[in-house]
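In the two complexes that follow, chain A is the common piece, with chain B as its partner first and chain C second.
This part shows the complex of A and B:
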């Protein structure tokens, strides 16, 4: 190798790595700004619906400056409660640590970290379900059926969890998790197969599968899977099938979260480091090109819908085995639907999904506290979530608000053949 | 008298590229001015500026001696500048009249469309310039050559006297090209002025009054055809000496590598596109398939490479019958495929170059161990191939979409040619590429043939077929109408066959075999 070639090599390498890390930060830009803008607009909605602000406006002619402290108070109280309710107070956590150190009494510490652990508990099914939708997106499939697959996963794991008795935990727990994954996988595989075989659109079919899952669960919960008693719920699962919790009650933080991180890493490895993932991404990016390269587009459709269903099923399983320990009607709270938004926000990347899931966990679990402390309706969080998603789905808005330059590719109006 | 159009010091930068760097151009009244340059030389950018689609960073435009600020296409049209786009902007389900009046609708009583008036005006224009068109015909029923006339009429209807034609011959048969040139000459005879954008040297030599050559965003020079040779023009375009003729040794023909018997294939709309086609290609030879686009060539290649199902008939590759071919099965037999549509089939544009280089072999050793992709091997492979096949890119991590067309094609060629292939199927291998890339890809194809591979080349560029092939088959309406040895084939004869004239009738007007040595310039 000549000297010239050598210098060229050493020059190009760092540059390409710089490009890559630059691209990484750039890809974070829009989601972060979208969240920020969503919170700002959410603040406006909070202020606009606040009684104190309305009163200050009523007094506008007498004291025009008075509206600003009123607005500040409304927004600060609301978001203060939101983040206190989801992250806890640093002061209380330090105090709790101090007491634990000096006396060995954990009670105060546990109380202080409770809000944060609850956020992680909420984030857990979000991670699984978000991965499910993200995996679909990577293959060009829009899995709207995560909600139904979530239900089936929950019922599957619950059934394994309560019907088998006397197994040791290291057999029962994996079986119960598997039960959830398989039930979800079946629910995902059906629309996948229908698409591959008959070209039936997965959006329509996954929506229909949702309805079937809802009504099927209604029947199961009032019939075959109903526990004795009045309420339409399943029996409580065996102790051996529970995902172990890290702390005593009422802290519900459990191994499900660790499992979720593990699965996220697994999905990352699968998508970006294996030949199967290579195919999936190729089919998603350009099905014609994938077909030309000898890949089976339809086989990948079925594979991805099955895996996607399994991941959504795991979301249900983690909720049942780690948190609720039984399944009742209306049990999902929209995890499956939120996960679509979440996958979009996370740009269908496992790491992005984990981060978005944590954000959604924080917002969702903080919202309850915000309602009780500041009297702000929980629905404001749905509004913020909605705004964030709109901004992520239409990045042009964010670019316009923050005057971000569009990348060179998009400025081209007409193209020659070659370009 | 001042020139009709004058561009002075036009400069336009895009992030990372200076697309136009102080370009000067003058167009005289009644002149055909050819704008010649490789892809990426800045021709299209310059014309988009002139047509108001881009705003120049610097420079001035004068129309008939007056400084003009052209903000958008409407400004351009008002100043009498009209553009005939490379890809037609016509609505297929509407008539010629409706297409012509689209956007400048003529109305009766303010609400009703006055088709009759427009049709009369179209007849007038047709008559004046020799553009025979039926105003009441539907666009979808018209052949490509006539559709192009409609595009020209559209521009004339808007009273343009400066016409920009962007690579207008790309989709035409040799005879249609002649027809177009006749029309263009009659346009300038009536005082219109034309800018003709192309990268085909022969057309320039035949048509131009003056030629301006662009390279890398700069004006290389303005010349007249009498001053230059095609070789000189090519080296002006590329910036170095270019070999325009494909030099090749006589073929060393071996066994039959591809055998097709009585093949029937449907297109995507379930119309039979290939009807009873038979051919064979031997190792060490190039069989070229000539024909106007849309005569079943695409479906033939799809069927041979497993992208479309075979309706009936037989395909044998290297002696083995191929039943129910899938792309992978065919690939693994040792077939390389340079697809017609490089962006649709040939590449995953959002994937980095290194992944595109293993698009067909990612699952094989050494690129994968089990299901684990060997990223280091894949990147090293791409770096070697990029160097070997002269892919111009900052590194192999950039997405394929960021490459120019020529370099995208080189990625495909590198991928397909670096495998041990025994049969190469190349469809429109140099479409839209610049002279430098064409020269390169042609020499690589001949190299493969000399290594003993059988090569099937499909191209709608007759010159390309003539330059590469050892035998030439002409395809018309899904069938091979005739196969002639390439060395002496007459272009006129092939042109007639491409237009659907039967071999017997065509032979009556021109000899199938040209007398003496034939120049093969592409």
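This part shows the complex of A and C:
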């Protein structure tokens, strides 16, 4: 939390202690309320599409109060399953712990923590990809290409993972991770260079780079990188390149999550504790001013897009090396695109990104159970995420709904065309 | 302003609390008012001594196409729904949005104690085999895949699922080349330009088998009639053909149709799921080609293209899934591989619908004869191609 306060300190004019802590809470207010409003509206969608509610409405004239329990039942079932499926049940976890303590049998405990570990597994690529987009925002760059960089990173680390044979893990694993980062970095650097050199807008170029990445992966998976057999997938990576897992199957929780937290801290340190980071933020805040102060705007554009691409590449690497161990078509469920929302929600701060990634991980992961037990299509999660993005991107809506006074100037996350 | 927060918070909490409290005051007077519906429930509730027969639970795990892919996921789901109507079982589905979801979704059904887990598509092959081996009592079925699936030298459990028979998994396979043989013969008889075309989504056996049968059908027509109808997009002898390399891009389907038409083809069989709809759109707009649908009868699933739909190559996944569930319900479930053929109606071609008048009675009679010959085995796809 102190990290966040320090950020405020470096970003805004010095305030009194009281004002600063107030500003901190205020900065949390809009995202939290946005998530809350998103969940409420998601609940309305759930209720509106629920058969029980429809039946209750059909019976409206006879029993007008009857719609409320029906709505409550629909929403509670859905969200109950969502959160049970993503966090697990505390009772089961305690019971599992008790059995483990007394008999040393882990089976029950593992079953109880499975939902939560799955949420962390889902959150891992979100953290990396969210950091990628957030870093871009800090320099005033809108990296929509995280999805493509994610793909390239996945393919890069998979290639290093399966093509090198016989290396010990402490060499192979870092190489495979590096392979992902480099592949992503290249994919990010190209639009960065085009922007710096020719002024081509990075939004257009990163979108185009996404399509090149998708089609390139189609080709690689059916051609040069295809495993033997008929399936259009890469060979499976070597054991030595896998990010080790903490628990036996089916728990997939692995070191990727720890790595993600570490990288989040690194990004924080880089952005707020180094000269280079300061330059990047300066360019993001006011490129003309930064230029006047003797900083190279174009160099920072290339640097940030390269680093951003590397982070998105790491997201792909963590997914391949930690979870899937091979890459097939349609490898990603849109982590790169979701991460834009995530960076907005996290206010482009590494800590905010980690928290938002955990939230998205919980939502995505719990959706499986919700879909199965409550029969709610998994798409509802996309709706909730979409609503959250709208509210975070247009905080005025949230302020209007909850009647919040504007107290500080909004940080500019990205600029429009022409600048 | 702070006061407004409180007001809001109180209103929200109150509304939640009200909603939470509603059920009790409503349900208590309920037996008095809508007695007709509530009374039986009331009598059933306090009789837990007679355990009702447990409802059979079936869970389908889709691949990334999703449940409404208008292709095999949708078709398999129709089979589940038919079984729900017929046997009163409980049917569910879980959509996979990315490859890491496969294992997770199967795990979810394992945790719920699902009686039969139906997985769809070759991408779920390895995870299905792993689950089946680790849970020998779990009944499973997989659409379009069969076990053992390992080839010499493949790493078991990684590149492929298993090198042994799985007694608890039923692989559902389809002899679709027999149906597309008919489609090929029909296309050869209907083409005006003397060229017909086919393309696939990916060069995988479940796709190329359509193309192979199509080529064989055309070849058989040429042999019978002494014509020289050409097939673009597939050659069984070399194993090469046209592929979009994905099952998603309608634009690719459009481009593929355009290039075939430029090469002179006027009937196209797209074996690429929804990609084929892109080709259909092109044919409809330009009026330069006809389409043969795949998997389901596109007359029903894509009625907007009925004007250019010659027929469809049917692969009745729904029937296969339904049969499997029926066996589970009746206690006759067995593992192994079940191949659906033209003999049992598991594969076939659809009626000609709008083109019924255009297909000559002679051609129809020939198709019937070929169908009979395919059923009794006097005519085989490999036999035609081997000549």
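Just so we're on the same page, the second predicted complex is superposed on the first by the 390 of 419 C-alpha atoms of A that agree within 3 Å, B and C clash if a C-alpha of one lies under 4 Å from a C-alpha of the other, contacts with A are read in each partner's own complex, and residues count from 1 in each chain.
Here, contacts are C-beta pairs under 8 Å (C-beta built on N, C-alpha and C of every residue); 3 or more make two chains touch, one makes a residue touch a chain.
Computed from a predicted model, the values in this text were never measured in an experiment.
In the superposition on chain A, contact of A:278 is made with chain B only, not with chain C.
When the two structures are aligned on the shared chain, A:21 is found in touch with neither chain B nor chain C. Note on chain A: of its two partners chain C and chain B, the one contacting more of its residues is C. Of the two partner chains placed around the shared chain by superposition, chain B is the only one that A:286 touches, whereas chain C remains out of contact. By the document's definition of touching, of the two partners only chain C reaches A:333; chain B does not. When the two structures are aligned on the shared chain, A:102 is found in touch with neither chain B nor chain C.
In the superposed model, A:375 makes contact with chain C only, not with chain B. For chain C in complex with chain A, the residues that touch the partner chain are 1, 4-5, 8, 18-20, 22-23, 25-27, 33-34, 59, 64, 92-95, 97-101, 103-105, 107-109, 111-112, 122-123, 125, 134, 151, 153-155, 158-160, 202-205, 243, 245-246, 248. Interface residues of chain A facing chain C in the complex, by the touch rule stated above, are 62-63, 65-66, 68-69, 71-73, 85, 111, 114, 118, 121, 218-219, 222, 227-233, 235-236, 249-250, 252, 319, 323-325, 328-334, 368-369, 371-373, 375, 377-378, 402-405.
Considering their complex, residues 14-16, 39-40, 43-44, 48, 53-54, 85-86, 167, 170, 305, 307, 326-328, 331-332, 337, 339, 344-351, 355, 359-360, 362-363, 368, 371-373, 375, 394-395, 397-398, 401-402, 404-406, 408-409, 431-434 of chain B touch chain A. For chain A in complex with chain B, the touching residues are 12-13, 15-16, 19-20, 273-276, 278, 281-282, 285-286, 288-296, 407-409, 411-419.
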